[in-house]
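Structures given as structure tokens follow.
You will see two complexes here that share subunit A, one where it goes with subunit B and one where it goes with subunit C.
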Partner chain A sequence: MKVTFPHLGTMHIFCKAIAEASGIPYIVPPETSRKTLTLGVQHSNECICLPFKIILGNFIEALRMGADTIVMVGSGPPCRLGLYDLVQKVILEDMGLHYRWLTIPPRLTWQALWKNYEETKELKKELSWKNILLFPYGLRLGWKKMMACETLEKLAMRIRPREIQKGETQRRLKKALSMVDEAKTLRTLDQALERGKRLLQGTEQDVSRVPFKIAMVGELYTVMDPHINRGVEQKLGELGAEVTRSSWFSTHILRSLRRNKADQASERVRFFEASRAYLGYDVGAECNVSIGEAIVRAQEGFDGVVHLMPFACMPETTASGILTRVGKDWNIPILTLILDEQEIEGRIQTLLEAFVEMLQWKRKAG
Partner chain B sequence: MSRYKNIMGNFLGIDVGSITTKMVVIDESHKLLAGLYLRNNGRPLETIQQGLAILASRLGDDQAIDGVATTGSARHLAAYLVGADLIKNEITAHSVAVIDLFPKTKTIFEIGGQDSKVILLREGVVVDFAMNTVCAAGTGSFLDQQAARLGISIEEFGRLALEAKHPVRVAGRCTVFAETDMIHKQQIGHSVEDIIGGLCDSLVKNYLNNVCRGKELLPPYVFQGGVAANQGIRKALERELETPMLIPEHFGLMGALGAAKLVKRAKPGRSRFKGFGLSKRSCTTRGFECNECGNQCEVVELLVDEQVVACWGDLCERYRRSYP
Partner chain C sequence: MEEKGRIGIPRALMFYRYFPLWKVFFEELGWNVRVSDGLDKRGNIVYLEDSCFPMKLLVTHSLVLKTQVDYLYLPRLVSLHRHHMMCPKFRGAPDIVRLATDGMVPILDDLVDLRVKGHSMRESLLKTGKRLGAKEAESKQAFQKAEAFFLNFQKRWLERINNLPIKQVFDLEAPEGVEEPEKTFRVAFIGHPYNLFDPDVSKEILTFAKSLGMRVITSETLSEREINAQLSDLSKEVYWSSGREIVGSLFHFLSGGVDGMIFLTSFKCGIDALLQELIRRKLKRSGKVSPPLLILSLDEHSGREGLMTRLEAFRDVMEERRHEFNLTYVRST
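Then we have the complex of A and B:
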């Protein structure tokens, strides 16, 4: 058995940790590249969205490298994303690739548990007692690594707009994340996180700068994965904006575990409530949260909102229409970026530069 | 020509778009000394060199340039080549040029070769903008293509649109659909004028519905970019908005003009401009695919006189450098 998982932000770091600590063989798909995208595009319906194509590409590459078990998060309609696992299964089978599929249920329901039980029945035979005994430790290590990655990423978001040497924060973040990745035990992980934090804090900064505050909202894959959004978070930071986002792995996992008491989950409830002024209905996926977050950020005094969505994404297309109204009503500039497979990095750079410059003009005009 | 030699403070703005390259030289008082508009023919480097040669012949080889700014989608390429002091996105460059010229403007419509933008200004400040992202429907290159298909020049195209008696309906959402529709109309016997007129109407509707969606469009309107030369599009815009468009005298050069004004404001201490002599040197690019990691970046090297002067395109910045 060799498990694999898609690339999505820093997901591979903690998925790898879970597998490694429990002694389960794994394959990390090669970093998302042009080749990944080409494979994904070639084997999927033309009209499907960009995240689907990239994740499919990740799976094809991993399976060709010898992986035989795919672990994937499922969610459910109305967004197509919720049916990703089902459609991807069909495509991969049609391609003649052999593998087993393990869906991590988005909500802990009896139905999901039963499906999971069915899927894991075969797999369990291949797992040794050692694997099973070590699994809780693996989960704990994985969870802590995920939190460590998020801590580092959030720290980098604060430092980036203040860095003197453009790009230095990003270089240090990469190094810090790989230190977290390399930690094998809970104890060494704590040390790695501390070293990573120090490394990031060591970036030469101009603390007198007052960066713009920009919130990134939108479809979660597009917001969370720099390969899908062409590094919007980094670009905005390097243009002098302190970026905030509410989409993190921990947010979505806690949400699906219905741990609503956690701060992040209650934040989402707040966003959802705020969207009611414009939507009397849950459109699904992140739509309501995108709108609600833009409103809440405007109330909190943010300078702008960048809204990310894949081309032809239904919930976010709905959101983008409403966001133009929100921008006007709350007097907050909102930039919607639509991402697709084309090489539009230059265009994104142009739009982000113009956006930040617009904020500068606005600030100067008082 | 020698008239300008001793006047301090001449600034060059270069706007390298997808289809055309625009250059202007202004003096300290923002007076336009020279301006040119060239087609790239897919070779921006050669076009920039050609542009520099034309400027040199108009202004004199030894014309001093105190600052250079580049803008447009190939602004980085242009900057590496000529040695720019400022690299500015085209949205800001266009806004600056318009604000100086028509300070009361509230809306700028800019339609170029591949881009269409709308910029909202209030009291001389940009407050909102939008640009087409994934689709180039309704931009200059599509009009060019249709003119070529009909065997008429793009200049004639605009004139013919005005002669339309009953403009036909053409799907404007996507250029592929639009072309299918146009061919259908042609095959059932509609006149070329009516088809072109219909195309202009539908492109304008598409632009207003997509790029300008939800934006508060208030007059005075300024219409610029290469497509502003097209009478048909201009009239269709005026009809839709029921207001006349202000068209700047140098409507095609506004990006370059804005860039020149911006670099004049920035006042670089000593310009990095490599001089008009660049037009006589050999400038080429060379690309290779890096195999160090899975991303397989397409790395580009810029060579001047067989020497690598800049390198980019690599995600990891392994090769990236620029020699002054």
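Then we have the complex of A and C:
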């Protein structure tokens, strides 16, 4: 058995940790590249959303490298994400690739547990008692690593607009993340995180700068994965903007575990409430939160909002229409970036530069 | 009865299934129902967001109506089935139209969600009736009449779609058309009703198909059981009711009864994009001999000429196939 999983931001770091700590063999798919995307595009329909294509590409590459068990987070209606596995399974079969599929249920219901039981029945035979006993430790290490990555990324978002040498923070962040990645136990992880933090804080900074405050909202996959959004977060930071986002792994995991009392989750409730003025019903996925977050950020005095969505995304299309009005009503510039498989990195750079320049004029004028 | 005012129903989306029901209901309550016309000659469309073609048409039609009516009727169709739901875009549709019309006209957007108690089409319409100032008994009576009319309309569906020009199918005053001469091919047209029966989306493909000697068959004639039977072996349940209808009816017709199938989708339709891939691959893998399938993807830029050529070629394929397999045409409706 060789387990594999799709790429999404820093997900491979903690997925790897879970597998490694519990002694399960795994294969990390090669870093998402042009080739991954091409594979995904080639084997799917033009109007299927970008995350589908990239995840499919990841799976194809991993299966060709020898993986045989796919672990994928499930999701529910009404968005297409909930049916990714249905279609991807047929595509992989049609391509002649062999795999086993394991879904992590989005919500812990009896139905989901039953389905999971069916799926894991075969797999369990290949796992030893050692694997199963070590699994809780693996989960704990994985969770800690995830939180460590998030801490480092959040720190980098704050430092980036103040760095003196462009690109320095990104270099240091990469190094810090790889230190977290290399830590094997909970104790060494704590040390790695401390070293990583110090490394990032050691970046030469100009503290007198007053960076723009920009919020990134939108479909979670495009917000969280730098390969899909072509590094919007980094680009904005290097243009002198302090970026904030509310989409993190921890947000979404806590949300699906219905731990609504946690701070991050209640923040989402606040966003949701704010969107009611424009949207009378829960459209699904991140749509309402995108709108609500833009409104709340405007109230909080942010300088701008960048809205990200994959081309032809069903829920976010509604959001993008409403966000144009939100921008006018709340006097906050909103830039919507629609992402697809085309070579758009240069275009995004230009758009972001223009956006930040506009913020500069706005600041000067008022 | 004195007329109370005008209610506008945009000629878009689920208009193409429920219009008879809605129209009779409001007329019974004493309201004049106004429907928008198709696009003008130049085909101008207005839209707020970069959505699929049918959504853009909804906004365009609503903008035409906004100065002519007292209310716009645009129910929030979350689900039209006990377990399954509509496309997420339907959920925000009334809000999008509200923004587009700048609040110039009040929108009757009562929720329809068959998964939840108290939100059936009937209850939603009764609520709307109440908002319009009708007594409950009046509304109930109106709905009864409307439902009877609607069921009758559905029974006559195949005749209507085959005998009437496509633009008059939803013109309820139109006389029942003349019986068309016997057709050589039975062709199943599959897709969302707002793609198939909207002349602006489908470029009147049905009219052209009929002139090529095809008898039109749609998934409206299938029972839910027949559709579900085709979906039971999928590894996960398709949760969009329209998607189920498409996949289920397609596989149903594949197993026989028709000479060919045409699947009409509009560009950027999320549901169709995903399911299209599923259908294609499933067909390829099943390896069975089946009637030919043509998938047409349309948007506001599609021209009629290209469509005609493809349809003619499709007829030739069906003809070839009939010769090859020496199939005899089974006469039945």
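Operating definition for what follows: the second predicted complex is superposed on the first by the 366 of 366 C-alpha atoms of A that agree within 3 Å, B and C clash if a C-alpha of one lies under 4 Å from a C-alpha of the other, contacts with A are read in each partner's own complex, and residues count from 1 in each chain.
Just so it is clear, contacts are C-beta pairs under 8 Å (C-beta built on N, C-alpha and C of every residue); 3 or more make two chains touch, one makes a residue touch a chain.
Computed from a predicted model, the values in this text were never measured in an experiment.
Colleague: If we overlay the two complexes on their shared chain A, which of subunit B and subunit C does A:Met1 touch? Say first, second, both or neither.
Modeller: So A:Met1 meets neither subunit B nor subunit C here.
Colleague: Between subunit B and subunit C, whom does A:Ile338 touch in the aligned arrangement: first, second, both, or neither?
Modeller: both
Colleague: Looking at A:Thr36 after the superposition, I want to know if it touches subunit B, subunit C, both of them or none. Which is it: first, second, both, neither?
Modeller: first
Colleague: Using the touch definition from the top, say if A:Thr350 reaches subunit B (first), subunit C (second), both or neither.
Modeller: Only subunit B is touched by A:Thr350; subunit C is not.
Colleague: Applying the touch criterion given at the start, work out whether A:Leu97 contacts subunit B, subunit C, both or neither, answering first, second, both or neither.
Modeller: neither
Colleague: Pick one for A:Leu127: touches subunit B only (first), subunit C only (second), both, or neither.
Modeller: After superposition on chain A, A:Leu127 lies in contact with neither partner.
Colleague: Check the residue A:Thr324 against both partner chains and state whether it touches subunit B (first), subunit C (second), both, or neither.
Modeller: both
Colleague: Do subunit B and subunit C touch any of the same residues on subunit A, and if so, which?
Modeller: Residues 321, 324-325, 338, which sit in both footprints.
Colleague: Under the definition above, what is the set of subunit A residues touching subunit B in their complex?
Modeller: Against subunit B, the touching part of subunit A is residues 30-31, 33-36, 167, 311, 321, 324-325, 327-328, 333, 337-338, 340, 342, 344, 346-347, 349-351, 353-354, 357-358, 361-362, 365.
Colleague: Give the list of subunit A residues in touch with subunit C in this complex.
Modeller: Result: residues 44-49, 52, 76-80, 82-83, 85-87, 89-91, 93-94, 278-285, 287, 312-315, 317-318, 320-322, 324-325, 338 of subunit A touch subunit C.
Colleague: Show which residues of subunit B lie in contact with subunit A when the two form their complex.
Modeller: Touching subunit A: residues 73, 89-92, 123, 125-129, 131, 133-134, 213-216, 293-296, 317 of subunit B.
Colleague: Per the contact definition, I'd like the list of subunit C residues that touch subunit A in the complex.
Modeller: Contact set of subunit C toward subunit A: 48-52, 55, 76, 78, 85-89, 91-92, 94-96, 99, 109, 111, 234-236, 238-240, 267-278, 281-282, 284-285.
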